[in-house]
Amino acid sequence: MIDENGIRLDGRRWDELRPIRIEVGVIKNADGSAYIEFGKNKIIAAVYGPREAHPKHIALPDRAIVRCRYHMAPFSTEERKPPQPTRREIEISLVLRRAMESAIFLEEYPRSIIDVYVEVLQSDGGSRCASITAVSAALADSGISMRDLIVGCAVGKIDGQIVLDLSDYEDKEGEGDMPVAYMPNLDKIVLLQFDGIFTEEEFKKAIDLAILGNKRVYEILKKALIEKYFGTVEEK
Amino acid sequence: MSIKKSPIIENLRKMQMIELLSKERRLDGRSLTDFRPINIKVGVIQKSNGSAEVSVGNTKAVAGVKIETGTPFPDTPDQGLLVVNAEFLPFSSALIEPGPPDEDAIEVSRVVDRGIRESQMIDLKSLVIEPGKLVYCVFVDISILNMDGNIFDAAFLAAVSALLTTTFDKKIAKEDGSFEVQKCRLPTRCIPISITSITIGDAILVDPTEEEESVQDSRLTLTFNDQGFLCAGQKGGSTGISKEQLFKIVEISKAKAEELRSLVKKVIENA
Amino acid sequence: MIDENGIRLDGRRWDELRPIRIEVGVIKNADGSAYIEFGKNKIIAAVYGPREAHPKHIALPDRAIVRCRYHMAPFSTEERKPPQPTRREIEISLVLRRAMESAIFLEEYPRSIIDVYVEVLQSDGGSRCASITAVSAALADSGISMRDLIVGCAVGKIDGQIVLDLSDYEDKEGEGDMPVAYMPNLDKIVLLQFDGIFTEEEFKKAIDLAILGNKRVYEILKKALIEKYFGTVEEK
Amino acid sequence: MSIKKSPIIENLRKMQMIELLSKERRLDGRSLTDFRPINIKVGVIQKSNGSAEVSVGNTKAVAGVKIETGTPFPDTPDQGLLVVNAEFLPFSSALIEPGPPDEDAIEVSRVVDRGIRESQMIDLKSLVIEPGKLVYCVFVDISILNMDGNIFDAAFLAAVSALLTTTFDKKIAKEDGSFEVQKCRLPTRCIPISITSITIGDAILVDPTEEEESVQDSRLTLTFNDQGFLCAGQKGGSTGISKEQLFKIVEISKAKAEELRSLVKKVIENA
Amino acid sequence: MIDENGIRLDGRRWDELRPIRIEVGVIKNADGSAYIEFGKNKIIAAVYGPREAHPKHIALPDRAIVRCRYHMAPFSTEERKPPQPTRREIEISLVLRRAMESAIFLEEYPRSIIDVYVEVLQSDGGSRCASITAVSAALADSGISMRDLIVGCAVGKIDGQIVLDLSDYEDKEGEGDMPVAYMPNLDKIVLLQFDGIFTEEEFKKAIDLAILGNKRVYEILKKALIEKYFGTVEEK
Amino acid sequence: MSIKKSPIIENLRKMQMIELLSKERRLDGRSLTDFRPINIKVGVIQKSNGSAEVSVGNTKAVAGVKIETGTPFPDTPDQGLLVVNAEFLPFSSALIEPGPPDEDAIEVSRVVDRGIRESQMIDLKSLVIEPGKLVYCVFVDISILNMDGNIFDAAFLAAVSALLTTTFDKKIAKEDGSFEVQKCRLPTRCIPISITSITIGDAILVDPTEEEESVQDSRLTLTFNDQGFLCAGQKGGSTGISKEQLFKIVEISKAKAEELRSLVKKVIENA
């Protein structure tokens, strides 16, 4: 999957990201929202809250509760996906929620609930990483207080080599995939999963590369937020 | 999606709206029979066989078509299948909860399904691979992204636009009995259009916003085929409607359907 | 499906109803109930309420909530119908509920709930119309205040002609079906659905015919209620 | 169906009932071993293969039989299938909520199923079209219309009466290998009867009303075949029963089963 | 299934029980628990409560509510059993609960709830009888007040003869099965179900034999409880 | 399984624990990298194809393997199937409610599944009877009996030990085209081991108890194959982790995996 010149099937080098486009504020009714295109991924994330917890007994006296639903549209995949959530979608909802909980100042919103909904309109490799980036943009859009933004980007192993940001095909045919989400200013990893075969060295190299990639995603995310809130007079 | 409304505020708002309506005006400045701006983008989901994103004012829907093979129903062995499914995404409104489709989402699915089916838009008989055994199944999945009234027409426009631009790999039987796969357009015969109106007192409002719907008396969704014939209809709302008002809505809607069909045609031609 | 003398397969003319029989007060435990035979339809409707809403948070401060379940017995159809409700049954429950809401003086019963259950023991064409008539009789039997009674009866198009009250076969083989429910004293349509192909003229003709048919159903319903509550000395 | 009863009222009612019982009397004037009036109508659902509506006092049930084809269980390739399903319709009592069958409805399904199955009423081996591949499936669906105690016997009588009058189109293999369809009666071998009694203190009450059940100690449903042999049984109630009382109930129930069987026979003969 | 010497397939006589082993206090987190091996049955029962009813509206003012879940592990049966509860499991949960309600002094625990969970790790004939014995041990272990212990043991009919405690094979191939649970000191039957064909005489004989068997199970249960709470100095 | 914790008590406990941790001590006296006592019994469920009961301190799990035949997935016609399912039994903790697996149980299922699958422990290609049509399906069902932290490793040990002792009746094709059934061991290639650690502040604790987990910052489950390569990983906890801490955990876990693998080997050899 990597040719003699070190070029991958879609023309990228080992440390290149796919094209990324982020748009903030796409869902009128939501308190915050964002749309991301990351490779062929097309994902919307939107936030409602902080709002009163309902039913009341789920509220916590000292902090907000976060709920998250990650869902894939039936037409988002090669084969039609039945609408009801799969175990995979439930697990991704869980790891996304944990990532958010590490960034949001939950204790600023006691007794309340923050609902985060992610809809994958078209899926590609790295959809959970693209999702957490969109969620982070939507949270920023909603004005909820956060320690740091979160960005996500996967690394993986193909043809025995650690490379950045696997495409769908590379994920399926490769030897390992490792989605990583990251808080760039606090320099902390907030989501980490992997499968495949990695030596200890490869693992370390992969993490380093993921952090590198995430820093680039962060620049794109920052730009999208600045464009939304301060416009971009010069560039337009 | 049951909403607890304060009866006092609700009545005040209704009175204000009725006063405006008596002058043939609406809160957003439209005339009673105007649609809000309609925007249709097709081909938005490359992994689907056909897709469209539609906005009608702030109401936004995306539809994706998938064509797969399946077994026909025993009583229609010579027809392909059509399955329409609408989901109100939980971020589309503060009032939607995640979960399986509720009665309102099921109503949208079924009204869109009937409009497409009864207009005979899709030639289901041409979607048979082996009669009684293997046919094509056309899945139309509609996701409502943002709600601001008139979900029906946004969903219908999205579904129809997606179907009009649907292509799929069709198995063509060759003379020697083997199959050849050929990229085909989904065979369609017409462009059905649904028009939704509500009544508030004596007034008839086309393409209602959520605020207008919240004080509606009756709602009526009518679907028309290319000849301007009615092919499906559904009354909503918890108030009765007079025959006279009903006939007036039919007249208005028929004209509006022509307008929207031209719009869809233009989009498809430019796609 | 219509012969040269204008006679339909079951011997009716274009503007004739199938035989209708209504019996009020058939379910002892319910607050109101009715049984209807309408062609081969055999349907029971029964009402519980107005009663305290439970769970309480669903109650409305200024009016009653109506809940409705339309359900078909597994043995009511040609092929056995699995017991769990289908999407069709859920939609019919919804349109029946709206029809009721237009007739009941909901504001007379704040904070309470009215439960209406419809069970189709045997189904035939026009079962939602027969159901709303039975529901209306059950509501009257329960003593709940109503603006008007509701009656239902379908019209349709067979062999290019608008006819009254389709049978199962005519519905399936015909060109259009239009169930209509109607408040006869207020002269208002409270349920309207249709599918098929109708010109504007045909549509108007169909509505006129549906109202005519509904007025006849109303006479039968009135008679059944009078028989139940005042007896029928002379006729017996 | 959990009922919050006031403990004081419950005890008062129970005391009153026990006083009456000590004089061998019941609130509705019956003797302890009397059934309430039983009414059986067969053939009430023309679209089913067999049906019956049964009332026992104010308790009312309707059963419908549908015969369809299906695949046999792998461990009984040479037998047709029997599926019994009871639903407590939500209008049958103020305490029933709509939804899938709860534990009480499931218990009724299973007790009726065992009574029919264990009495060998239906000759399941005769319901095979192609061994291991295609058999007849007998669906017995029971809807409880109104509840006033002793749901078990009303449901059982309805199921049995429906089965006894069931006919279906049977495929008969002809000599040349083709099939002929012939209208047949469902082959039955006996008329099983279930009898339900409760105990309140020392008293044994046959065919309890809902009021009586509400203060019951034990409940016992026993099913008998034509020879008077026991073929199924189910204890209910949250109080233990002594061996002596149990044996007494068997004796009483056996006699009552004879009575009810005569009644069913008469109805079927006149059908 | 019985040879000329009156010996059954597994070597037992007509009135012999399979081997039984009971261990009390096997689940650390539970308020009471027990493990039973009864033939090839391997079953754990555990109790939580009395604890505050939740949701509150299910509580009764004058007594405790008992909830019971009888569940079979997917690997407990010959063919894998899907994890969701079957109708059979729901019915057994119900009859076990009733048996418990007849033994527990419910009125001592108003407004509270007692949760009893039974997990069948390996199933054999007579699993509901083994379960109620384990439940009774778990309830005793939890310190909940009871009128009497409950023991269970089935009888059945094979080769025309009434025998004690059917094995899986005897249950499947035999002519009748009758699970019976019993309070030995109060001499009351608290669970009784049967299917098969029994004459009135056979029925009576079966009940007598079941009581005899249950008295023996009772001795084993008592011993297990004594061992747990008072140790067994002499025998060890 | 959401727990309402009093924030004050939680903080006090955390402070106490951190003080102890600064002296490299834990509440139960273990060193930071010690596991609690591990007990593995195999062959506990005779009706299964393989089984094991594992306790890690007070955490207890039982796993049973069933091998049945089924249809392969269309995209892997030449591979058998692996299905892993974990259930938190309702008696395993006062906080578990009966019902379908919640997100935490699903996470355990999926993490165990990935560890087994990615280590290529099972040779799925050898489990094909007829390519594309009939394959063996390996069901691994894990029941959590008692919870006291580190569910992941107890579940994983139980699953792996059960698989290592699994035998089944395999259909072997004979020369004449017929099949012979032969009792076989499930073909396995390695012994994957998962190691779970948490961080509290700067400290890394292997095999956390429930009390320790309740104040954790991050959790990390890493799975290693026989060569000491990482084959699956999952971060838990709602706090971020630094790269340095992460690399330290990998180092510690790799060594612990060796230890546990020896233990499993010994159990299997003595089985």
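By written order: A, B, C, D, E and F. Residues from 1 in each chain.
Throughout what follows, contacts are C-beta pairs under 8 Å (C-beta built on N, C-alpha and C of every residue); 3 or more make two chains touch, one makes a residue touch a chain.
Keep in mind that this is a model prediction, so the values were computed, not measured.
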Count the smallest number of chain-to-chain hops linking chain A with chain C, moving only between touching chains.
2
If a chain touches chain A and chain E alike, it appears here
F
What chain is the most remote from chain F, judged by the mean position of CA atoms in each chain?
C
Chain located farthest away, centre of chain E as origin (C-alpha):
B
Distance in whole angstrom between the CA centres of chain B and chain F is 48
Between the Cα centroids of chain B and chain E the separation in whole angstrom comes to 58
Cα-centroid distance, chain A relative to chain B, in whole angstrom:
32
Using the touch rule from the top of the page, what residues of chain A touch 2 or more other chains?
none
Hunt down the residues of chain B that sit against at least two other chains at once, touch-wise.
none
Chain adjacency by touch: line, ring, star, complete or other shape?
ring
Chains in cyclic order, anchored at chain B, direction fixed by chain C
B, C, D, E, F, A
Residue numbers on chain A that touch chain F, as the complex places them:
58, 60-63, 65, 87-88, 90-91, 93-95, 98, 101-102, 178, 183, 186-200, 203-204, 207-208, 211
Footprint of chain A on chain B - complex, ascending
44-48, 51, 58, 60, 62-66, 68, 85, 87, 89-94, 98, 100-101, 139, 141, 143, 145-148
Chain A touches which residues of chain F in the complex?
2, 4, 7, 103-104, 106-107, 109-110, 114, 117-118, 220, 225, 228-243, 246-247, 250-251, 254
Considering only the defined contacts, which chain C positions touch chain D in the complex?
27-30, 33, 40, 42, 44, 46, 48, 51, 69, 71, 73-80, 83-84, 115, 117, 119, 121-123
